[in-house]
Structure formats: C-alpha cells, structure tokens
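Below are two complexes that have chain A in common, paired first with chain B and then with chain C.
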Partner chain A sequence: MNSLIKEIKDSIGENDDLLFTEQQLKDLSVVLFGLNSLIDLGPTIKQLEQLGQKNYSNKEKQKQISQLGEIKRNAGEITSLLLDGKLMIAPSPNADFVVSVDPVPVKLNRAIDQITNENTMLGPFVSFNEDSLTNIGVMRKHVVSEKIRVKHFLTGTHNKKELSLIYYEGIVEENLLQTVLKDIKRNSINDLHSIQDVTKMLGITPYSIVPRVKTTEMPSEAAQSLLNGKVILFLDGLPFALILPSVFADMFFLESDKNLTYPLMVSLRSLRIAGTLIALIFPGLYVALVAVNPEVLRLELALSIAQSREGVPYPAFIEIIIMLVVLELIMEASVRLPKSIGPTITMVGGIILGQAAVEAQLVSNLLVIVLAATTIANSTVVGVQNLLSIRLLKYIVLIFSSVFGVLGILAGVFFICAYLAGVSSLGVPYLNFKQSKGDGSHG
Partner chain B sequence: MDRSLQVVMMYILTHLGLIFFLYPANIIESTDQGHWIPISLGIIIHIAFVLLYLKGLSFFPGRNIITIYSSFGKVYLILFLLPVFLYFISAAIIIVRAYSEILTIIFLANTPLWALMALLLFIPLFLSIQGVQAIFRTGILVSFLFLPFLLFVLIVSFQNVDVSYLYPIWNNDFSFITKQSYINSFFAISGGFLFLGFVQPEISFQRKKIVIAFAAVIPAFILSVYIPLLTFGKATAETFVFPFVLALDTIALSWIMFDRATVFFLLSLITFIMLFITLVLWKASIIIHHSFPSIKTGYIVAALTIVIYIACLLIPNWQQVQMLFKWNSVLRFYVLFTVPLSICFLGHLSKKKVY
Partner chain C sequence: MLKKIILFSVLPFLIFPLSGCWDNRDINHRVMPISIGVSKMDEGYKVFLQIPEPAPDRLGTRIVTGEGETINQIIDNISVNMESAVDLLHVKVIVVDKRLAEEGLNDLISGFIRSRDVSAKAVIAICDDDIDQFFQSMENSEGQEGTILLDYFEKYSGWDPHIALSRVWEVYRSSHSYTRDVAIPMLKRGQTTFLEIVGSAVIKNGKLVEVISSDETLLYNAFKNKSTRGKIEVLDQASVMVISNDTDYKTEFTDQTPSLQTTFNFSVMILETNGNPSAQEIKKNLEELLLDRYKALVVKLKTSEADILGIGQHFRKEIPRKDLKNWRSDYYPNLEFNPIIHVDIQNYGNLKHTAN
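Moving on to the complex of A and B:
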C-alpha cells in the first residue's frame, strides 16, 4: 500500500488535473502520471510509443523505461518535478521508482513579443517574456560570450519558482555577486511572487522611494548592464529583467541612446535631466512665486499671474494640490481602464483640466500650464518606476516651497539630493558616479 | 578609493556658503581703502594653515584627527579636541541663528525665525544621520545643480561695476588687524577646512588636489568684497549689513522673467550652508561617538540638533548674534592655530619615533 505512487498521490492532493493512467506503449505496459494542465498528452504518448517497439522481458522493460529519463525515488522531489510539468513513468503501480521524462508541454507562454511599456526609437524591439528560460536565451543572443554565467535557484516553500542569475564573469563586481549569491542561498525558502519579495530576499529595504532594482523589458538594456558589471535576475513569471543594483544614471541614460551620434545622445540625455528637474521644481515654483515670494518675478509677470488667479477662492497650495490629485487620478485611471474606455477618460480629463476648471475660476490659467508642463516633463524619465518616484518626490518640493517660498524649492531639492545620496543597495551607492566597474578597487 | 573630487567640491561649497554673506561687510568695515590687503592677509593665513594641516595629516595616512589625538593620550584629546567640539557647537548655533536672521531680512519677511531655524537644522540632521559618504555625495549632486547658477550670477554681477572705486590701492594703515570686524571675518577663513582631518579613512583624497579648491575659493574671497565695493563705493557699501546681497540686487537683466534672479544665487548659497551645518553636526557627533562608543551616532546627532535649536531660540536679536561672534572668536583662533600646528607637530614626533 505504502508504495511510492500512493505517497505522491497523497501529497499532490485532490487535483482533478492529476492524470494517472496505465498505458500500453505497444507491448510495454506502464503507468503514466503528471499534470495534464501542463502536459500535452496526445503527442507525448505518440512520442513514447516510438520507443516501445519490441517484446520485452520484465527486466528489460525496467531497463528500457529507465533509459527514457532520470530515475527518481524521492516522493518530495517527484512532486516538485510534477508541478514543474514533467511526466512520470512507472513500470507498474507499485514500483519503487519512477522515471521523469520531458513531455510535450502545453503552450503556456506567449511568443517573444515587441516591447510594450518601454518604448525606444532606435534599438531592438525584442522584449522579455514570462518564461525565464526564454529570457536567458534572449540574453545569450544579445551577449555572445563564453564568459556569461547562468545560475538557477529553486526558491520558495509553498510556491516553487525558479530564480535565475546571470552575470559576466570577470567584469561583474565580485562583492556584489557574492552578496547576491549569499543572500539568495540564505533566503531560498522565501516564496517569491513580486519584486518586493526579491528585494526582501536580498536584504534591501522595501521602504524606498527610488527603485532599488532596475527593471527593464529590453534585452539590450539588460545586456549592457551585464557589461557594466551588474547582475541580472529573472524570476519565472515576471516578463522583465531585474538588474541589480539600480543607480541614479538609470533614470536618464538609455542604452539605445548610443545608437545616435554623440551630440544627439548628450542632448537627449540632458533633456531628460532637465525634464526631471522641471517635474520636481515647477509645482513648487508656482506656489512659491504666487503665494510666498511674488517679488522675485518681474512686475508685469507678477501682475498677469495675479490677474489669472483673480476669483480663485483658495490659496495656491490648495489649488495646486487639488489639481495635482485630479491629474494623478487621471493617470492612474488611464492605466487601469481597458483600452476601449481609456480615451474617454483622456477626453473628459482634458476638458475638465484644460477648460472647465479655468472658466469656472476654480483654478488659474497658469496652473494648468504648469501642471501640463510638469506631467509632460515627468514622462521623459526612463523607466516606469523612476517615473513614479519623481511623481512622488515633487510633493516634497511642493510642501517645502509652500512654507518657505523659493528657499523651500532649493531646500526641497537639497533634501531630495540628501535622500538619494543616502540610498545604497548591496553596497553600491545609488549616486554611483562612476558607471563602469572598479568602484572600490582603488583602496 | 580616491574621492578627491568629492572633498574638493565640499571644500568649495562650504566656503562659498560662508564667504558671501558676512565676510564682505566685515572686510569693508575693517579698513577704508586697499581692501585687498586684509583680504590677501586672510587668504594667506588660510592657505598656510590648510597646507600645514594637510602636511600634518599626511604623517597619518588613513586616520582622522580624533584617532590621532587619542593615540597620543587623553591630554591631547582634552587640549585640542574639546575646544574643537565646542567651536563646532558654537559655530553651528551662530550660523543657524545668523542665517535665519539673514533670510528674514533679505527674503522671507513673514516667515517666523523658529521655522527657518528648524529648516536649517532639520535637513542637516536628516543628511548627517546618513553618514559621511552620503554627505559628500550630496555635495557632488548639489554642486552639479547649483554651481552653474552661481557662476552665471557672479559673471553678471559685474554689470554695475565702476573700476575707479579700486583706487586708492595702497593703504599704510594696518590697524584693521585689531578691529573686531576683521577678526569676525575669520569666521569664513577658519571655519571650513577642519573637515579635511575628519573624513579619513572613509573618504580618502589626494592632498595636491585641494590646491584646485584654492583656485575656486580665492576669487570668491576677492569678488565678495570687491563687487559691492566697485558697485557702490566704499562710503555707501559700508552702510550695508549685506553689501554683496545688495550689489546683486542692483543687477537688472531684462531678458529673464525674474526680477530678482539673484535670489536663486543667495538661496543656493543657503543650501551650501546647510551642507556646512551637516558637516559640523557630523563632526561633532563622531567626536562624541569616540568618547561614548555605546551611543548610536543617530541619537547623538539628534540630541546635538535639539541642543543647538534650543540655543538658537534663546538668542533674542541680531546684537546678541554679534556678541556671540565676538565670544566665538577666541575659540575660532585657538582652533585655527592649534589644530594644524599640533597635528603637524605630532606628525613630526611620530616620524622621529619610527626611526
């Protein structure tokens, strides 16, 4: 009774997609089991049938089966292999071993697709997908070198997932690699579902405004990171590369910029830096100049601003907070909504923000311009995570400037600088001004 | 690794912050003509002691002055480090109080002093808790952001300059040396460079590269005095509390949307002052941490900040600030002279022991 197969059946539980069948492979009678949600059974059996041609004796039969794949005797291991989509073949229902075979899998992954969230003008359009093995393959296509090292780790206790680590031997920063390896091995029982789980596994604080892990769905970005001495993680199920560590420059520098000529690249990157600064400063500047330090402006300008605010019934800070919140809601809503309703929100938002609010004298003309400039400028930053960081950080400047005016803007910027300077993950500071390897090697 | 750039930048930024507000008035007040004489005397003293200090530090590679003094015994610790600590605390109090007063005078007339002082202490507190490397990285980032502004404003500040105010060049009267206002001017000269002895071993730098920093700081000393002098003339400039600020206010640039574009210049100097306060807090905290290693530096910095804040609140007016400047000058000169000299002396001493 207590045979191996019974044990496995018990551990997998009552799953209706657990296939368990005795099968005649021509003359060879075997027991097949596996999860039919992961295995395409028909073609698999067809493939197996080609093997069992002859009339076998019992001993030969066992030998023949064991040649099909790896022999497994441990119930726990077999269970996890089953969950991984392997097919098990046992010679009889109470055999003491099974053979794990790679079956024809059900197609559960999408094909390698175009990048969807990060756009590039000049550069490869291939993107990562949910299958980490495919992603590693894509990476190998991008960096053809015998120095690339790939390591797999099976993580999780309740939810087994494969975490893959890639680095470039010889270029990778040794300290970084060792820390990452140590942390992954130490915390390999952690269940990984999201990037937060991965950062916790690596001992990086989750309470950070700036992203500690750079995510990208562009293989060319990931490839360049490898060459810069960083390590890449792929978590099965996440369609992007997790690049460690994330640094300040990632906010502005895109690898595909290098497909442009030098002056164009430099001006494009400066544009992004300027965009970030504008996104950070403009809302604060508006409040500071309108409410606290109007004398800084030229008289004509100050008057025209005052005129545009005529009839607005609340202080500038409240005015801008209301509009900013509406704007954030619109942005969030347009992400959430299905593509068919999205344009409605854009239109409604555009009309409310652009026209109605001003005409009803709820906000000033200038504020609408400021907000538009802020939002547009904010979007120049590279990467979704960085975009969100900047979106949040601008409120710091805004609050400081509503109290201290123009001084508050500079104090807020200084505060943000101080925050960024204090951030470091895996021993690499976020403000790492030297991009390539070698940081720390000068003693 | 070599972080000379960070150290040089920090040196420049903190000195710029210290120079432009109080230094010009002090110098202009101290003498009637030939202002370059007191300025150059100050610069020479500054350079001499910085070089001496660096020379002394070079005998102890990878060590800061706290460990140097403590390796020679408790007496040195009390004789030299205690005054340094007191100087830091008093300097922090004076700076926070004086600069918040400056801010209300020239810029934020309606903001209460306590709020400004809280701002001037809160951000340095936040930064100094993050540690020395974060402070220096902030220095780099801030210099990228704000130094171009400064350069621009310094260039356009020549707009209203009248060269004839340069004359008479020579002055036989050297009585400025004993004047209180000249002694006060050493606040800008002596305060900023002590950090060079604190940053090792976390941040190592090459001594030679500090000379680059002189190239930026020396023109600042000169311009800060001569721009108001050449704009207004001595007789008028003398009457201002912040001559340089007023000289900048005379600049009219019709092609900028701002009437007082120079405000950005002044306020970025304020951020440099925040950086200076951060450094002071951090230095004071590691001195205490050395004496009481069991207390976390974070708590020390917080406690120091509260003490400084309360002390600042207790100072009622500008006259009191001036008084404090006066009292502080004793400590200032003690620190300016003894620390570099003693470090150099101890360096020679330890070198002899080796042979």
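Moving on to the complex of A and C:
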C-alpha cells in the first residue's frame, strides 16, 4: 500500500462508511474509494463500466482513468473532496495519484417545498431549503438581473461549510457590503453552525434582544431586500436566507402585503403595529389598573373588575406572572411536540387550565381575557425572532407598571424605545426609517 | 469589570425597595364610595359614604356613616372599622346639607383640594332635605342602581340644562375670586322619582346666599354657553324645544359704571301649538318671556351681590387691582345689563307647514 492511500486512510479510515474496494470495470481493474453515505454506488459503477470496454495496456489504462476526472496527489485535499461526496479512483492500490470523479450522489436534500413557518395569504409559496446552491437558484428566479452578484466562501477549520453572499450590484449599500466582505474574509476560519456563529463572524454582538439578522424562508422577501440595498447570506444547511441588516420595519412590513391594494396594505400594517403595542402594554395595563391606579377606570368597570377579583388570593402581579409562565410553557410545548399531539396540548392548556383556574378563583376572568388578547396580538408580528423579542419585552413593561402604575407603562415603553434607538448593526441603526435606494419603499 | 457587572445587575433590583410598591392595594381590597354626604353637627361633622356593592344581577348600595371633628378623621375611623381600605378617588358626587352650605363650605372644599383624596372633578350638590333620610332612602330603595347620584349629573346620562353643574375646583376657585361666584344644584327626595331638583344655590365666598329656580338655572347655563339643547319652553300658545343656543357679549366701562350687552341666540323648534298662532307671535312671546326672566334673574343676583354669571370677569382689565375686591359691593350693583334675545324658529316639527 502506498503512502498516499495510507495517509488518507489514516485521516478518515476509522469511519465505517468509508468504502474502499477493488473493482473490475470489465477489463480494467481499479481501486474505488469514497463515502458510501454520500455516494449512490450501484448507478455510479454502472456509469463507470461503460468506459472500460476495451483491453487496455497498463499505460493506456492509466491514461484512460486520468481522463475521467481531475488528478489529485495531495492527501489533505483528497480528504476534503471525499467529505464533499466525490468518488476517488486509483489505478492500483499503490498508485501515487487518484482521480476525483463526480459520482451519482445520494439524495440528501428535500425538494423545494411550501413555506411552513411564515404564512402568507397572497404571495409565492416557494420556500428555501437546506441546500444553498438550490437557494441561490431560487433567488435567481426571483430577481432576474445581470446585476446580481453571488460570492462563495469556504469557511471553518474543522467543519467546512459554504457561505454564499448575494447582493445587487449598484443598489447595495457600499459600506455595508465592504464591512461584510472584510469580516467574512478575516474570520473565514470560524466554524459556522448557527446564526449565532454567523453574527459572531460579522462582529455583531450576540447579546441582543432584537434580532440583528433577519431570517426568512420566503424568497420574495429576500428578493425585495436585495432591491432595498441589503445583502443576503446563505449558510449551507440552514433553510432560510439571512438578511443583513435587520431593521425595525421588518417587524411589521411584509413584502407580500404589496400584492394587496394600498388602503388594505396600510390597514394591515397598522393592525400589526397595534397588535405589537397591545402585546407589549396589555399585561402591564392590567396590573397598573387593578393594583396601582384603579381611579383611572370608569366606575362601572372598576366595580365589575373588583367583583371578578373577589376571592383571588394573589396580588395582581403574582397572578399575572403565574398565568404568563403557564402560557409561555404551553407555547413552547406546542412547538416541541409532534404535530399529532399539538392540538391536545392547546386544548388542555387553553380550555381546561384557563377555565379551571377561573372557576377555582385562582385568577380573575378578566385576566384570562387579557392574556388571550396579548397572545393573539403578539402573533401578528412578522417573523419568529421578532415574536420572541416582543414576548420577552412585555415583561419589562409589566415589572415597571407593577411598581409605578400607569406611569410605569410609559417608563417601560420609553425604556424599550431607548434600547431600540441604541441598537445598530453593521453601521445601520435599528430604527432606520430612511427610504432605501432602488425600490423606493420598504419591503 | 466584574465589579461593574455585579453593580449594574444589582441596581435594577433597588427599584423594589425604593419605590414603596408594597403599599399598592388591589382593586378588590379597596372600598370605593361614589358619593359622600357631609352634614354639620353642633360640633364637628357627620359623613355618609355611599358605597356600591355588587349584588347578584345588580349594583346595590351600602351606606356607611361616621361622626367626628374633621372629615379626614371620620374617613379614617370608617376605614379602620371596615374590612377594606376606603379609597376616595372614585368619589364623583359630594352632597352637603343646607345648613353647612349656609355656614360656609370653604373649610370643607379647601380640605378636599389640599388632601387630594377626592378628585377635584367631583360634582358638588346641596341637599335641601334631611340628609340622614336622603342617604337612608338610597340604601332602602329596592331596584335602585347604586350609581343613581352619579348618573344624575353625568352629561351622557341624566344631566339636563336645568341643572347647574359645578365641580369642587370651581367652588374652590370662586371662593378665592373677586369676580366670580358659582351656582350649585339643590336636590331633595322626590315623590315618585328618587330625586327632585329644587333649583340652584348661589354660593358667594363659600356661603349660600340665594336660591334660583331651575328655569333661571337654564339661563345661567345658556349664559355660560353650555348647550341648552332639548329644553322645552312653554308659552301660552305653543311649546317649543331649544335646538341650539349661543351667546355674545359686549362690554363697556364708563364713569365707574360697568355695562354689559349680551346677545342670546336661540334656535327653536315648534312642538305643540294651541290655537293657530303665527310664527311671529310665538317668536315674540318667547323673546319676551326669556327677556323678563333674564332681567329678574340679574336683579335677584345684584341684590344678593353674588356674581354667578361671572360678569366681573369682563371688567377685570378696567378696574384697578386694589378696587377689584370691591367688585361685588361697589360696581356690580350698578351694572347696566342689556340682554338682547333673538329667537329663530328653525322648523315647525315634522308637519308640513304651509302657513306664513
């Protein structure tokens, strides 16, 4: 056994899916090796067999094999090609070169699917999938322009992953592009597994309550971002586009809104803004009005609230915290659970727990209404990450309002506004309402 | 660095010990009276709290009384004896008895303003009846909503242009003003309705000096440019309903004599007629009726030297500050008052009118 093949075996030989076999292609005897978890071996050999028809001399044989693909002599390079799913052919077990061939691959990617997490009423239903090349293809279908630029970067030291960058030449914010390019090049040895790794690579703090990177599985959203001068990253294995930078408007404005007429679009977007405010303020408002400033309420309302809270053992703040925690648990559980059990949890949580808690006089029935309104309103926000941010931020308002009452709501909202105003990623402030170049309106 | 992180993560928790938030009482642990009655005893006061009590399928009423030297002492005593804390922030109506009003409301009102326990927006009214029975009957009357007094004065509910509406802060302001007094409604128990309006009490410097009828109160409200819409005036030949009204003033100050020309415009609608009077007749008669009433009102007010219409406000810029405090005694009785009343018959009801 020669040193080249031995070297390769030393580096990845402990894997049981490493295929290493001598194969007779008609008259031509060769050594094949590759990872059989990535290579569909049967069809591949059938393809190769078509080549070895004639009787070859040894020299002719080498020539014939070397024509099949690229000749490689470096063990390290060969290893990474193997991990990429290439098949290696060596003329004999102790040849000093191998030929890397594109085999018939095992199908590891799902087909382009419908969007699953971000629903849209009007708009394309295509979604991104785990293969970044496919995603780039989908993007090219959405924005047909010679100005689209695609750049690939191989990142990572132990875990090689392909990171692709797309932007629209001429429209993209030049500073943003340069910063991103510089950061990717400088940190290309970082291993990328998750969005956190990507943000770290770009020098964005991971300690942020609001998302710094907008994620979407809708190609139409991503396409509009390109036209607004943003850049898109695809990390191989993540089934969504990472759009840089994320701004406040992403919380409310959805690209597919533009398939509606203007008044409908405006009212829909206002509804989302109202929903966000309700989700932020309602729990705090309940505590403020019930515990701190009941004089703000109309008398009739005050009396009926007082009546509904008769016999409730906990102060309003504790009461709402208990129910909110239960509610958050239900929400988290319904994400975790398999789809077949999900509805059961919803029923147990919503109907039985809510109803029983009221009837056992643990909480007032007004609180259940408040919580339901909050949860529903919360879901009007665009994007999963934004939804989680709002879910977390409402506790700030809640704590302030339990201490300072109605004034505390103002303080809490002011605090949140101040925080948002302080956030900026890649030189773009989060509260950036400036109209971008290109399309001339927000996406 | 670590010290800083610890410091800044501990600081937010100081909000809890520093804010005093443990004193917050939940709404179901507060007693929220909606009206207070105050009567003068030989020594000190007697206080009535009307507390709405949610009974099954309606809002009942509970009356709690207490006696003592000062209002705050009484409220405090009641609070001690009750199962929840008394919270006066929802008080909407303050009823005082006539005797207290005659002796002077200043101490009471400034006490309310000073402690801010009672909202300055609360309406103040005088009870021309035995206040003890007045409140007792509120508790006893079956089928009575607990918010009856409140609803009586609410503009969206029971208020009528016949009723003068004065808030605590207005009474407080008037007792410190040289040129403005207030009228507050006077109530008693009715025969078939729970309340009956007697008229309005003219309060000068915090003391009741005169009573005006409810018809005169309507003019008082019209003078203040409050809407008198819906008020029905009865004449010999017809009854009409006021649809809208507005008021214009023109003032003159010559030789230490103030004169005020006021133009009232009433738009009315004819409801019923008796015989077949012409529109001109109705108009003329109505104008005369209102004019006479106005003149009588002003004469009455001048005699009692109480300026509830706030006429003095128009002359503040003419009279030197040092003389202003004598407005009521020196200038006001000499006031030349020229009311001009225009009546516009806007429509004849839903009948097709061919006459005229």
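Everything that follows uses one rule, which is that the second predicted complex is superposed on the first by the 423 of 443 C-alpha atoms of A that agree within 3 Å, B and C clash if a C-alpha of one lies under 4 Å from a C-alpha of the other, contacts with A are read in each partner's own complex, and residues count from 1 in each chain.
Just so we're on the same page, contacts are C-beta pairs under 8 Å (C-beta built on N, C-alpha and C of every residue); 3 or more make two chains touch, one makes a residue touch a chain.
Please read all numbers here as calculations on a predicted model, not as lab measurements.
Of the two partner chains placed around the shared chain by superposition, neither chain B nor chain C is touched by A:P263.
After overlaying the two complexes on the shared chain, residue contacts for A:E295 are found with chain B and with chain C alike. Once the two structures are overlaid, the count of chain A residues touched is higher for B than for its counterpart among chain B and chain C. Residue contacts after overlaying the shared chain place A:E310 against chain C, while chain B stays out of touching range.
After overlaying the two complexes on the shared chain, residue contacts for A:L431 are found with chain B alone; chain C is out of touch. When both complexes are overlaid on chain A, the residue A:V403 reaches chain B and chain C alike. Overlap of the chain B and chain C interfaces on chain A: residues 292, 295, 299, 302, 403-405. Residues 289-292, 294-295, 299-300, 302-307, 309-310, 312, 315-316, 399, 402-405 of chain A are the ones that touch chain C when the two sit in their complex. Residues 15-16, 19, 21, 24-28, 30, 32, 34, 52, 54, 59, 87, 89-90, 92, 119, 147, 150 of chain C are the ones touching chain A in the complex.
On the chain A side of its complex with chain B, the touching residues are 277, 292-293, 295-299, 301-302, 400, 403-411, 413-415, 417-422, 429, 431, 433, 439-443. Per the touch definition, chain B reaches chain A in the complex via residues 1-2, 103, 107-108, 111, 115-116, 119, 123, 126-127, 130-131, 133-138, 140-142, 145-146, 204, 257-261, 263-264, 267-268, 270-271, 274-275, 278.
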